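Two complexes, one shared chain (chain A), two partners (chain B, chain C).
For the complex of A and B:
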């Protein structure tokens, strides 16, 4: 099980490296979005700091849809998922591997987005902010991978994915924005732990639910 | 049903929407037997092979493969089955070597003897010179040979081949004939669905003809089919 998981994650990263143009375009899109937001607000440092969390999460949100859809679409083509299943890969392990690959990729994209955020929005970096990013990214990957599994095999699936995914991610985005904002502006009343809890519950509930449903998402014969 | 049968189908049907692609198939194939399936386009050959490969489930009927029920023991059947279909299932951004290593690791859950087995499969299929080539750059015929390398690495007891000939060149067809002889000698059970009757009949022990989702003719002696 563990060896399959590692092999599948290695496979995904080899694919990402080989088609690095795609990763570059996602990062470029995110950086451009942050740049445009900061220019449109002018030089008001207070305003920039107050809006930084919301704008950052919107950027992550849109950027993630690009590769969530792409990663599953590539596997759907030419029967690649079926090929893996016939080799004896458990659909649940496949789901976990895809979720982790997408999660690591999202973290990588966020790493590149943090620089413009710190420079353009005058945001101080903190470890608590990193924790929020990790928890939020895992939730997006867990739910996004499951939905991408449903939509990529459908006609116009790439249009359907955001329509289905965005409403479901609202609680995660709210918690992510609030927790990040508190990390930036300071947390006098220890409020951020409430938002941490919401993020953790979201992650666990949707990861476990999607894990259990994985055979129906990825194995057409189930 | 014979307890020792390799494949046993009883009343197997498959519906897509309102249309029954396979209506009610009954068939028993013994271990080591090679079955040729002939039929026009759209008669259900590919659907039948995909069901046996566990890629589709039948709408009705029971299937047993080497004593395992397809409905209940899909994973056990996947370990015994190898399938080459229309989709090549290859990772085009990988090199030939990288892809075969991926296949070996996932199938056998180990890296022991991986190098030797990969080398052997490449040698058998005449792909050794292309081992460092990115799959995307290979010709269709080479890609087809690579799918046979995958089959060799998996070493299944039941081999399902859906139209194996079309993109193979003369050398590829020669290798295919040699492989088929080896598989038969080693007691593999083989299903071939094909339109290339001559090439298929050379290896078949039995021929079934499928039409509108039903077996309409069955010939146990391939010479009689030729007549």
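For the complex of A and C:
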């Protein structure tokens, strides 16, 4: 089981490194979005700072759908996923490996997006922001991987993915934006931990639910 | 039997609506506008009931793999979506004269809107998967996850709002309004059951056709 998991994650990493152009284009897309947002809001630096958290999370949402779709689409080609499952890989293990690699990829993308956020929106960097990002990204990958597993094989699946995924992610968006905002503006009453706990609950509930549902979502023969 | 039940349900609905529109007294501040609640609130209750049925049916499908549960989940969620849409629309119509706005970010209102979007997505997904068994499995799994999200969405929106503004919702209902409200709750339940019954029948015919 564990060796399967490690092999699968290694495979995903090799793929990510070899197609680094794709990673680069997702990062560039995110940077472009942040730039467009800051243009459209005008030059008011106070306004930008106030809306930074919300715009940043929207950018993360948009960027994440790109590679969630991509990472599962790759597996659909030439029956690769069926091949893996025929070799005896447990669909649950497969799900965990995909979630993990998508999670790390998302963290990497967010890391690059933090620079334009700090520069364009004049936001002070704080370490607690990283905690929010890590918890939020895990939720996005846990649910996003499960949903992408369903939508990629369908006609017009790339439209369907955000359509199904974004409403599900609303609690995560609210918690992520509020917690990030509190990191930026300062957190006098320690409200942040309430949002942390919401993020943690979201992550655990949907990781466990998607893990249990993985055989239904990924294995066509079960 | 179905015809008899439908007739009784429709007559009961007419009776309950008559009570709500003619017998129940006008409200002190809102006048007659409040009467929309006699459809709005029962629709909301029954929408939640139907979506709960869909959730239970989804879980039962995942355990037992009987096509019946899939059809039940599909039908009840569809009726639930219609009632959720009705709730939202009526709430908005009522909100304009009462609160002065069509829309406000009240936690229950926002949760209902998100619920509507989630189950609309679920309906679209169901129509895009051709293979019947695949469709049943995938929609049961996603249907379960969607319902799990309902309390999380509610609490997240509630926390998000209470940090900014107090929530406004008229509570404390007078006793002479409680009875028509309850009557209408059962009247709309009757209608929802008729819809469910008919939708189940369509689903059964559809799956028979698919098998041929």
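The rule we apply is simple: the second predicted complex is superposed on the first by the 220 of 222 C-alpha atoms of A that agree within 3 Å, B and C clash if a C-alpha of one lies under 4 Å from a C-alpha of the other, contacts with A are read in each partner's own complex, and residues count from 1 in each chain.
The rule is simple: a contact is a pair of C-beta atoms (placed from the backbone, for glycine too) under 8 Å apart; a residue touches a chain by one contact, two chains touch by 3 or more.
This one's a predicted model, so the numbers in the text were calculated from it and none came from an experiment.
Thinking of the overlay built on chain A, is A:124 touched by chain B (first), by chain C (second), by both, or by neither?
Neither partner.
After superposition on the shared chain, which partner residues are touched by A:88: those of chain B (first), chain C (second), both, or neither?
A:88: touches chain B, not chain C.
Decide which partner touches more residues of chain A, taking chain B and chain C as the two options.
Here the partner covering more residues of chain A is C.
Given the touch rule stated above, what does A:11 touch, chain B (first), chain C (second), both, or neither?
After superposition on chain A, A:11 lies in contact with chain B alone.
State whether A:216 touches chain B only (first), chain C only (second), both chains, or neither.
second
Pick one for A:171: touches chain B only (first), chain C only (second), both, or neither.
Second partner only.
Jot down the residues of chain A that show up as touching in both complexes, chain B in one and chain C in the other.
220, 222
Which of the residues in chain A end up touching chain B in this complex?
So the residues of chain A in touch with chain B come to 3-4, 7-8, 11, 14-15, 18-19, 78-80, 82-90, 220-222.
Report the residues of chain A in contact with chain C in the complex, numbered from low to high.
143, 146-147, 150-151, 154-156, 160, 163-164, 167-168, 170-171, 174-175, 178, 191, 194-195, 198, 201-202, 205-206, 209-210, 213, 216-217, 220, 222
Going by the contact rule set out above, which residues of chain B touch chain A in the complex?
53-57, 74-75, 78-79, 81-83, 85, 87-94, 98, 102-103, 105-107, 109-110, 150, 154
Can you tell me which positions in chain C touch chain A when the two form their complex?
These residues of chain C touch chain A: 62, 114, 117-118, 121-122, 124-125, 128-129, 134, 137-138, 140-142, 144-146, 148-149, 152-153, 155-157, 159-160, 163.
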